[in-house]
């Protein structure tokens, strides 16, 4: 974000809008909102320079609750709208809030294009593996065979792995976090905000009405230690109550393995080749067996905004007169003739 | 494809339609068409059970020239249309022909969804890294900085790597081939046809009018040996005039390396973890430096069509009467009351 | 369960409107549904209207969280769910506040006093309880401690307090069932099956119901019981049905009666999703439902299936149709059957997804590039959705054209009794695929038309010898080859228009009881109920009026011009800013007067009655 | 280069129509362009019409591969590129065959005999050469061995044979330039700059041009040279310009005159892509162009930019607009400025992408769900695209609304002389962003309207204190909060309609030379030229007729009703099946008679003249 970091004395409360929050009681969205409102002051950006753009879905109501600028747009199109805003206003900090249906079903194309372009957007995908707002149909992240209102005999399509998809789309920053862990949420928001270019963050979010407990395995204190892997830059990837499990990279293999006591790989999100992050993303499918959270990939590549801005600045430096003068010159730049 | 393989005495000529072919003289599309017409008889499927569905673009004129059933649909939507056809008609062999703009720009979402669903489609993406039909704008596979009609100052968005994208979208079969190599084209078509589920094939295709020579490095006899890597199942990955270059997998790395004389990796497209194919896909970017062609990935996963058909068959096996009787029963399946 | 016969005074009524209102979590939809079902068993005519909050679960006790269900029942045939309730059941202060303005003076209000706590009152901005400040003086208020009485009644059953409290809606249902002398065996059966896995809850809910019934029986506050005689309805077997259910069943029937597999491509959207849900249950009819990645893919897949010989259908609401325009245009060029269902909601943009409107007519008629005509039809009531779906499929199949079916939230979620047809009364809408060449020289001409229907052959993949290619570029007449010939394009554009105009649709019928009306009220789609009710009321008051209702908006019935010409004045009420009126005025140059309401709510009969009275009296 | 003055007979003409036709590879567009430019230097009035093949490069020598360019020039002001050419330059048999039917008897045909080989003749189905079988008897055929003479003339220059052959179009241009006494210095300059990096080609093309000129001068076949006097045109500086160029420059001007950065989100599509190409060259004006992944993203990005305070624009053709409907509807709900350019082409579906049509008017007016009104305007000629673009931006910015600008392939690719305005004559269309609270209590009310324009405040991100949220759900009046209130929705729907109706647009002007016409011909958009030419011809023949041309289709000019009422008969010619006529009939109940042509080609003046003559004479 290009905004100057000014000294501001903002608190979480400053980021609460006057709108009554209307998610179902118990919805995971509440904790994400709270984490965001707590994180925002850290950004050091005046509220008026922050914009939240969302699509449609329960998650997409998010902007109403942030006392910043915001647009609750239409289903799936937030990345496109935010791209136009971000490119034309590099002084703003633009955040996209979206759901698994909004981002990966109807909006899949805009998402992958924003990522390959590396538009300076912070994209938060609230993944509850269900369509909340339309009351419980399966989504592109629902498990194969899932029984929902629209699939009484079980769904027949394998889900996306959002992290793999983002990596396949050339994303420069890819992370995952979870609604129930406020500290982790904020740490990932922080890393995303610091990244120049597109930051894609998948947030596991519980929809207690239509898909309750989807992430229990990695939330429940009795199971989470054995299933949740916290990625930390420069640290060996281990997990388990006693850190007894290691994520290892067997020789000759391209994938990763989980072993008790093996030699743990040291996490480095900054390696240029996305093959490593991709391998990490395959550690868990929809079963959540061994689920990494944290920053998978964080590399630098010029953002679309930067490159476009540079072209504009270069061109403008060739301006040779007032706008009106240049316009007159442009209109006359052709074979002309004069009638007296 | 579920169609019964009957003994048919078809030749390439049988697959030529009566329509005059209208690509520019010298266009790479001609050789792909010729290869397809030569390959088709091998399929052993009667012409009437073969359908080509395309979007819009030069490449998308393909169906007109095949003497099979065909639909030249609208821009980007061929995978969606073909999905409905394939799912509802498992007896057909359905091929999608699309371009880099058609498939990856406007149609990106349908493409990745067809792949994750593993719909039984053979998808041929003619990648000429340009918009041919609209006369030369850059496409999502054009090199960064490319100067085209719509980007006189150079494009600012990094391209997709179609193979990486397909892998990120959970594709089960991913291959690449090249317009100028008829034999290779046909071998890849064959492998794609044999695959149950979505087969995604990127075909490098020369647009001699708007992007001539885009793939010269791997076509020109003087350079191709040093840049083109032919993947062969079960074979070490080597290339160069003297096979002097090896693709190696350095210990501890997730990516691949090209070395003179190193220990060549043995290619295996059937490994379940897509991380290997993904690593392969990163061997070349838009520079074509070291470009693998052949089948990157070829694994089995139930196709969407199969799963849906099974649900239908299971449900139909519970049919308990004629359709009319079942309809009457359905209408009456509620709290009813009778007025005399 | 034993319920005493009761000894209270019994009064006869001809009709009653009851509204159950409570918090989203209070189960008001279910309560209303059950009351409706009981009422149906009695043979009353019925019409219902649910009203959902927009949020999944808005915060408890707030105004946006109020959910209600209105049921109108009578001993004669009725046309609407009623303008204003005679009885309001208000489960909390929010429910009272949100609904009070709809009540006429004298209405009964049954309130759950347990919820009238300081906190709950404050949530909706009541400083003082309206039960105490005299503000409800003009109503007959019945304060009932619904929650605590329910909990009390279940004390012995040992269910958890939360479960006991939840059963309070059954207490309310019991009370109302008693008041209106409803038979309740279907409700008991329903509870048994709903909670089949939780016998404790079956017992609790039954007990709550009985407690409510008994309360009515014993308390002084309810001095009278009411009876509403069965309506005189056509003999036959009935069920109560919502428009979305009927539409889904109509599509099943269309598949059966066309002998074609149905393929539904859909993307969820309120208020159309239920059609997808319902159809996905009927795979044994050979029905495939695909939840696509978006609306464009949904119609694309349906079109692909149609191309392959299925009955391709896509269901959505306005924002979805806005996305499908390009593909509809392709379907028009391809001349393939396709049914596009638009369950309209209030727009523009996201609008008010749970509210009704008829503002997509323009888009249905004109919302595509180029000259892209198609057929448009609209059902007039919940049960009519069944027949409209079959009619849409008939036209699509016979004439090889996309058909847009314009339902709306009002008919989609409203319900009414439906005289069940038997399958053999339904039309046979099967068509033949082409299997042989049709050209002189043994060639296959995919755009050679049937002289009667102007439809082109439907030759599906798999048919040997008819291999051909179609597409969205302009096609040469007969051969279907690509053509840029100006005369051919002119011919094809006019032919596409003419073939839609040539679709045979039934003549428009006019209801003109006295045959001396000078004013015609013309409607379309879901306004049929309120317009009919208004006309009936006027006629009962001796004011002559004629009513005609369009089911086919494209093509329009052949006799429409004649019908319009027969009246001095034509009034067109619509839930939009005058879209049908515009078409009628343009086509017939009749100075039709639009009467528009775009509030997200259906017309009340009273609104229309007032307006029409004015027109009839003052011209 | 020296060109002899010539000694042939010189004849004066008042106007000439020339069509250059050849294979796609023959450079006919360039040849036509150059001839036009030379002609412009002479001060003739000009109108041109290119005709591209649909394929990039259809097989050489085939009918679909024919590319042509027609130029009409005269010593008076003209309105169309001419109905039928006086001169056809046919570079091969296909070009002859494809264009012959447009020629009147007596027309000159210059053919390149070198291309009339057996093979080439066979390709287009000529068994015998038409040059030999007498079938061209009614024309003045000039057989010229264009290719070989060019090659011969360049023999000494040592250029490759292929390059020499390619220069044959310059030979043709030289010959025609001689025939019509055109000044050629601009062409020589052009060649120098076009081939700046290939001096050999500069020399070759110049030599070919001179050879052609000399050939005219010397050969017997061309006995006469023609002169066409300059037209009497308004004094000033002119350039020749196509509609797409003018539209792009108009958008640049709109950016300059609004002092807002222009953001174009576009996805390439014929025939709109050139606007994207042109605008992408003008970054120094602060213009950003983004080639988006599809049309939805393109308009989305433009809307996002508008939200951020830019002049958001998206350019496309019909299929693209069909995809943008949902986002346009959002823009209507958000009440943000947005310009949507639709360069219409023949539909439906993919249709005929390189042909013209006016069939997207309905979609522009009605192609969205819900009541979703916006402003619609259309340019009447190539140069008018410049002013229409500014007018679209003016309305969008001032009234905070999406505006659809309906150009079409005919004006987009046609050209005419354009009297260059100077920037200070252009309107100042700047508007103010809102920077402070507007509510009584220091609150910011994003939907509090300007009492005059009914526009809401445009408070862009970055403005301290005005943080607010907007969206597609229905908004409460003034506050913009989400609202499901029925009365509010009714108010907002009617307000959105009223605010479009309230946009100030100029009164409709009527051209009625004699002021006693009884017939009014009403047009819109690109039909202005042929309608005007037809009216002029009628008047010259003493038949009175009035012409009015709509630039604003929504809202319509306030005086339109009055204008219509003043005539006995109103005729509406359109390149569609009567879309404007439908609107006029509905709104004014005037029995306007549609006259429609949907062939992909513009009306000829003669077609309209015949039709109008009939109406004027027979009523």
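Order of writing sets the labels: A, B, C and D. Residues in every chain begin at 1.
The definition used in the following text is that a residue touches a chain if its C-beta (ideal position, glycine included) is under 8 Å from a C-beta of that chain, and two chains touch if they have at least 3 such contacts.
For reference, the UniProt names are A, B = 2-oxoacid:ferredoxin oxidoreductase subunit beta; C, D = 2-oxoacid:acceptor oxidoreductase subunit alpha.
Computed from a predicted structure; not experimentally measured.
Visitor: Tell me, please, which chain's centre (mean of its C-alpha atoms) is farthest from the centre of chain B?
Guide: Of all chains, C has its centre farthest from that of chain B.
Visitor: Could you grab the centroid distance between chain B and chain D? Build each centroid from C-alpha atoms only and quote it in angstrom.
Guide: Chain B and chain D have C-alpha centres separated by 39 Å.
Visitor: Would you mind pulling out the distance in Å between where the CA atoms of chain A average out and where those of chain B do?
Guide: Each chain's C-alpha centroid was found; their separation is 29 Å.
Visitor: Hey, how far is the Cα centre of chain C from the one of chain D, in Å?
Guide: Distance between chain centres, rounded to whole Å: 47 Å.
Visitor: Going by the touch rule set out above, which residues of chain A reach two or more other chains?
Guide: Where chain A meets two or more other chains at a single residue, that happens at 56, 72, 74, 105-106, 108-109, 113, 140, 153, 308, 311, 314-315.
Visitor: Any chance you could list the residues of chain C touching two or more other chains?
Guide: 64, 283, 293-294, 319, 326, 330, 334, 349-350, 471-473
Visitor: Draw the chains as points, connect those that touch, then say whether the picture is a line, ring, star, complete or other.
Guide: Drawn as a graph, the chains make a fully connected set, so complete.
Visitor: What residues on chain B touch chain A, complex-wise?
Guide: Residues 105-109, 112-113, 116-118, 140, 153-154, 156-161, 164-170, 249, 251-255, 271, 273-276, 278-279, 282, 301, 304, 307-308, 311, 314-315 of chain B touch chain A in their complex.
Visitor: If you look only at chain A, which of its residues touch chain C in the complex?
Guide: These residues of chain A touch chain C: 20-25, 56, 58, 72, 74-76, 105-106, 108, 131-135, 137-138, 140, 149-153, 155, 209.
Visitor: Which part of chain B faces chain C closely enough to touch in the complex?
Guide: Per the stated touch rule, the residues are 17, 19, 46-51, 53, 56, 63-64, 66-74, 77, 80-89, 91-92, 109-110, 113, 308, 311-312, 314-316, 318-319, 323-328, 330-332, 334-340.
Visitor: Considering the complex alone, what residue numbers of chain D touch chain C?
Guide: Those in contact with chain C are residues 54, 64, 317-319, 321-323, 325-326, 329-330, 332-334, 344, 346-352, 354-355, 357, 359-360, 362-363, 365-372, 471-474, 484, 486-487, 489-490, 493-494, 496-497, 576-577, 582-583, 585-587, 589, 591, 597-601.
Visitor: Which positions of chain C touch chain A when the two form their complex?
Guide: 55-60, 62, 64, 266-270, 273, 276-277, 280-281, 283, 289, 291, 293-295, 319, 349-350
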